Amino acid sequence: MAIDSARRSRTASAPTNELSHGRLGRGVPWIILGASLAVSAAVFWLFAVAGMTDGFNAIGAGLVGVLIYLVMIVVISRQVEGGRQATDRFVTALVTGAFVVAIIPLVSLVATVIANGLARFDVEFFSSSMRNVTDDGGGAIHAVVGTLLMTGTAALISIPVGLLTAIYLVEYGRGPLARAITFFVDVMTGIPSIVAGLFAFALFAIFFGPGVRMGFAGAVALSVLMIPVVVRSCEEMLRVVPNELREAAYALGVPKWLTVLKVVLPTSIAGITTGIMLAIARVIGETAPLLIVAGFTTSMNYDLFNDRMQSLPVFVYTSYANQGVDTQAFLDRAWAGALTLILIVMLLNLVARLVARIFAPKLGR
Amino acid sequence: MTATATPAAQAPVAIVAKQRLGDRLFSGSALYSGVAILLILAAVAFFLVGQSLPAFFADPADLSGSPASIVDYIWPLVFGTLWSAALALVMALPLAIGIALFISHYAPRRLAQGLGYLVDLLAAVPSVVYGLWGILVLAPAVQPGYSWLVDTLGFIPLFAGPVSGTGRTILTAAIVLGVMILPVMTAICREIFLQTPVLHEEAALALGATRWEMIRMAVLPFGRPGIISGAMLGLGRALGETMAVAMVLSPTGVVTFALLQSTNPSTIAANIALSFPEAYGINVNLLIATGLVLFLITLAVNSIARYIVNRRKDFSGAN
Amino acid sequence: MNITRASGFTAFIAASALVLTGCAANEGAAPEETEGAVALEGTLVGAGSSAVGAAQEVWIAEFQTINEGVTVNYDPTGSGAGRETFLGGGSDFAGTDRAFNDEEVAAGGFASCAPDSGIVQLPLYISPIAVIFNLEGIDELNMSAEVIAGIFAEQITNWNDPAIAELNEGVELPDLAITPVHRSDDSGTTENFTDYLAQAAPEVWTYEADGVWPLDSGEAAQGTSGVVDAVTNGTGTIGYADASRAGELGTVAVQIGEEFVPFSPEAAAAVVDASPFVEGRPDFDLSIELDRTPDTAAYPIVLVAYLVGCETYNDAEQAELVKAYFTYMASPEGQATAAEGAGSAPISDALFERVTAAIEVIS
């Protein structure tokens, strides 16, 4: 009905070939965007010159420019291409806009960390610990080692448990048990990190006495936080593997466990890798539980089962919270620690993607 | 998954699948993993309930800040937790879907991979760093905007004055939370959108649909459970986020919807982080009791989400 | 699997393994045996106040340099957590912003100590709390306790209020709203600050001393760093923080009698000297009842943190370690190190003698 009337009005105004008519050229949206921004900038500049605003408001100019573009592209596209295309153009602009808006704080964040972190991102930072350091020297190798050991152990516990649970839920789970697991995994995502820390502390205090501080307890606390994220994201990824693939495997007489291992998992390996990396990323930056169960130390410790172990988030947090007189040295170390943490995750991510690519089936997408 | 599966499994009595060792081992370990999770959770719940019981029976006068009753202590925190998480989700969810669509269906292929990688990376930024960024960069940057909002739109209760002099309001905290949960939600949405069967998309396009119509008819319905899953993971993180909120927010324990003032409700997790180091005796139990409440809130929120997902699971690939 | 990819991967693993097995460059191998003198060896564990955190870092660094075989770990988890840990037997000593009170001492049951052992409480960390503000071009203001209380109770709401102007002749005060900033976390700093307000200006400040800010108005920020950041980034803001962190911000000189006393380590130590010890405690329990309204020119807003150890330890070697560490912290060198590294006020000679006597008790 709507299409009919649109077609009629269009044919009435310009009776030409339907298919070749009514497309904006590839460059047209860009031209409109540029024009909108220019107009907006000009108006804001006039305001600034006239003294109505103090200084040139770049953010305001950008926002108004984008708004003008949104209106213009819809109006022009509706005139030339019709209503459906106009909606499409509008959504394209909106989606791109959402992306740009969201990228602003993210870029600002990364820029802040890099700008502040580079000051102490030197060899000494990665070759020494904080033992007996009071001035602006010192480093975080003990924290890097602690973070890698504890997060690694947490991952060793969480990934098998989480992935197998996800497989159980998707491939085997039926009835009340599966429902209960699904439900309680959701509940587990809501455990505040500090409560996980308190839980791990209470648990280990039973076996090792009240003063227990060890890296392994930290890893257990992190696992409590990590498992639900692994299950949740892996489950989602396994579920979207088309049933046709499973049925094809069964039809060929492949046992169920081999089907899961050789067909379902490889198909969804990219998504699972993303999910696991998200889970690691979620816990590698945890401060509160590690402060409680793994403690705080300035010395190197390789032993997960003995004594306190430093981690990067705790290092960053205490450097910020307990600054000495020379505050700049502490802040520089804190930012450098944050930068290191991000780089570690980036590296892990790269490796994981490499592994995923090796195992993934060669499908075009 | 559903009750109907059981009779269906019973029907073909004649054919009994051969029980292989591999099958038994594999399904067994999968099952025990699931059970292990239940055990861990039961232990956590046991710990939470056991540790928080004393607080419920204690004389309120002994509690920190001497509230009239334990409910008086917890209610503003519950309100603050829900309010800040809701604000964060309202801001972040449309953006996350937008970014995910942009990466999966709009951006050029080569660029898309890099962008996806960048967003994943941001999930790794520790909350302490988000906190630092919130205090040092975001709050001073948005404060003039808040002043303007209060001056021009102050008649709306949400934007009622007096405006905060430092910009460290609940809206700022919600923005920080929103930015924090954005990467997780985007990553899950993106992966789901990429899994949309190509046939569905091509069919829609072949019928003459525009790109948006194709997305609305093929991608979004298919990705709906994934979107909700991602939103729930994000919400879980927003509800439980500790350090960033503690650092950015200026909490004073009032119950108000006003977004731009110095006085804001605190959140449960932030309050635990702020009060736990100095807590002793019954106050430790009190704080763990608030943790239990947060646990219950998440439970309720997740039940609702599950209900929504389960109502529409026709698009799920498996089962 | 592609060969270059696999070898790249292996190379990466090898490289990272190489990096990680390397020891921290500044940490020596096993300590060398020194002949003659008995070298201390072992690990000492403390937990508690984060206010003492920065001081502990420099103390530990120096102490470990002197005694190579010793490792001291201090968890800056907070005073409450530190006392609980010490009570539960989780640490050898505790750092706390307030001493164990009469009830807690009477109850006993310190699991870190030998049965029926008393505890040694030493005020080894004295730190002035500065009232800091952010006003362009003004570095110092004079205020009475009533004015400070009025500002933080939000009765005085503008910088050009006559009550402030009266005490600051010749200073041009701006017409600007005051934003008072307080700690959002439960803290010893807040407890000492509100204790000062309650003692010195009881008419205006009608609340009791408490680690949690009693009002639900004003701006709140986490930790000393949070308050300093909030005051620095805001305009017309005023707050209170550890004096070592005042930096470029304006500070308040507090009225004592007719004089205005700016914060200084000496003035802060003076108020501690002028205060009596808590009555009814043994000689080795040096808990101080701070008198915030001194007659002499002393700076009354101070935080005193205690290092708490046992009278008798189960393990004699552990007692030796604690004794050595406490002796070091109390020594003039230790106090000077903390003053330099954490901005604290060294304890006076009179207090030093009492502390030395108390440390002798530890066994």
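A, B and C are the chain letters, set down in written order, and residue numbers restart from 1 in every chain.
Heads up, the rule we're going with is that a residue touches a chain if its C-beta (ideal position, glycine included) is under 8 Å from a C-beta of that chain, and two chains touch if they have at least 3 such contacts.
From a predicted model like this one, the values you see are computed outputs, not experimental measurements.
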| item | value |
| --- | --- |
| Touch-network distance, chain B to chain C, counted in steps | 1 |
| Interface with more contacting C-beta pairs, comparing A-B to A-C | A-B |
| Chain of greatest Cα-centre distance to chain A | C |
| Approximate Å spacing (C-alpha centroids) for the pair chain A, chain C | 38 |
| Chain A-chain B separation of Cα centroids, rounded to whole Å | 13 |
| Residue numbers of chain A (touch at least two other chains) | 320 |
| Of all residues in chain C, the ones touching two or more other chains | 50, 77 |
| Contacts with two or more other chains, residues of chain B listed in rising order | 136, 273, 276 |
| Interfacial residue positions of chain C with respect to chain B in the complex | 50, 77-81, 83-84, 97, 177, 179, 181, 184-188, 210-222, 226, 229-230, 233-237 |
| Contacting residues of chain A [partner chain B, same complex] | 84-85, 87-88, 91-92, 94-99, 101-103, 105-106, 108-110, 112-113, 160-162, 164-165, 167-175, 177-196, 198-199, 202-203, 224, 227-229, 231-233, 236-243, 246, 255-258, 260-261, 270-271, 274-275, 277-278, 280-282, 284-288, 312-313, 316-317, 320, 334-335, 338, 341-342, 345-346, 349, 353, 365 |
| Chain C-touching residues of chain A, taken from the complex the two chains share | 124, 126-134, 138-139, 141-142, 145, 148, 209-213, 291-292, 295-300, 307-308, 318, 320-325, 327, 351, 354, 358 |
| Interfacial residue positions of chain C with respect to chain A in the complex | 1-2, 5, 9, 12, 19-20, 22-27, 43, 45, 50, 53-54, 57-58, 60-62, 64-65, 71, 73-77, 85, 88-91, 111, 223-225, 244-245, 247, 340-343 |
| In the complex with chain C, residue positions of chain B that touch it | 64-65, 135-136, 139-140, 162, 164-168, 246-247, 249-254, 262-263, 266, 273-280, 283-284 |
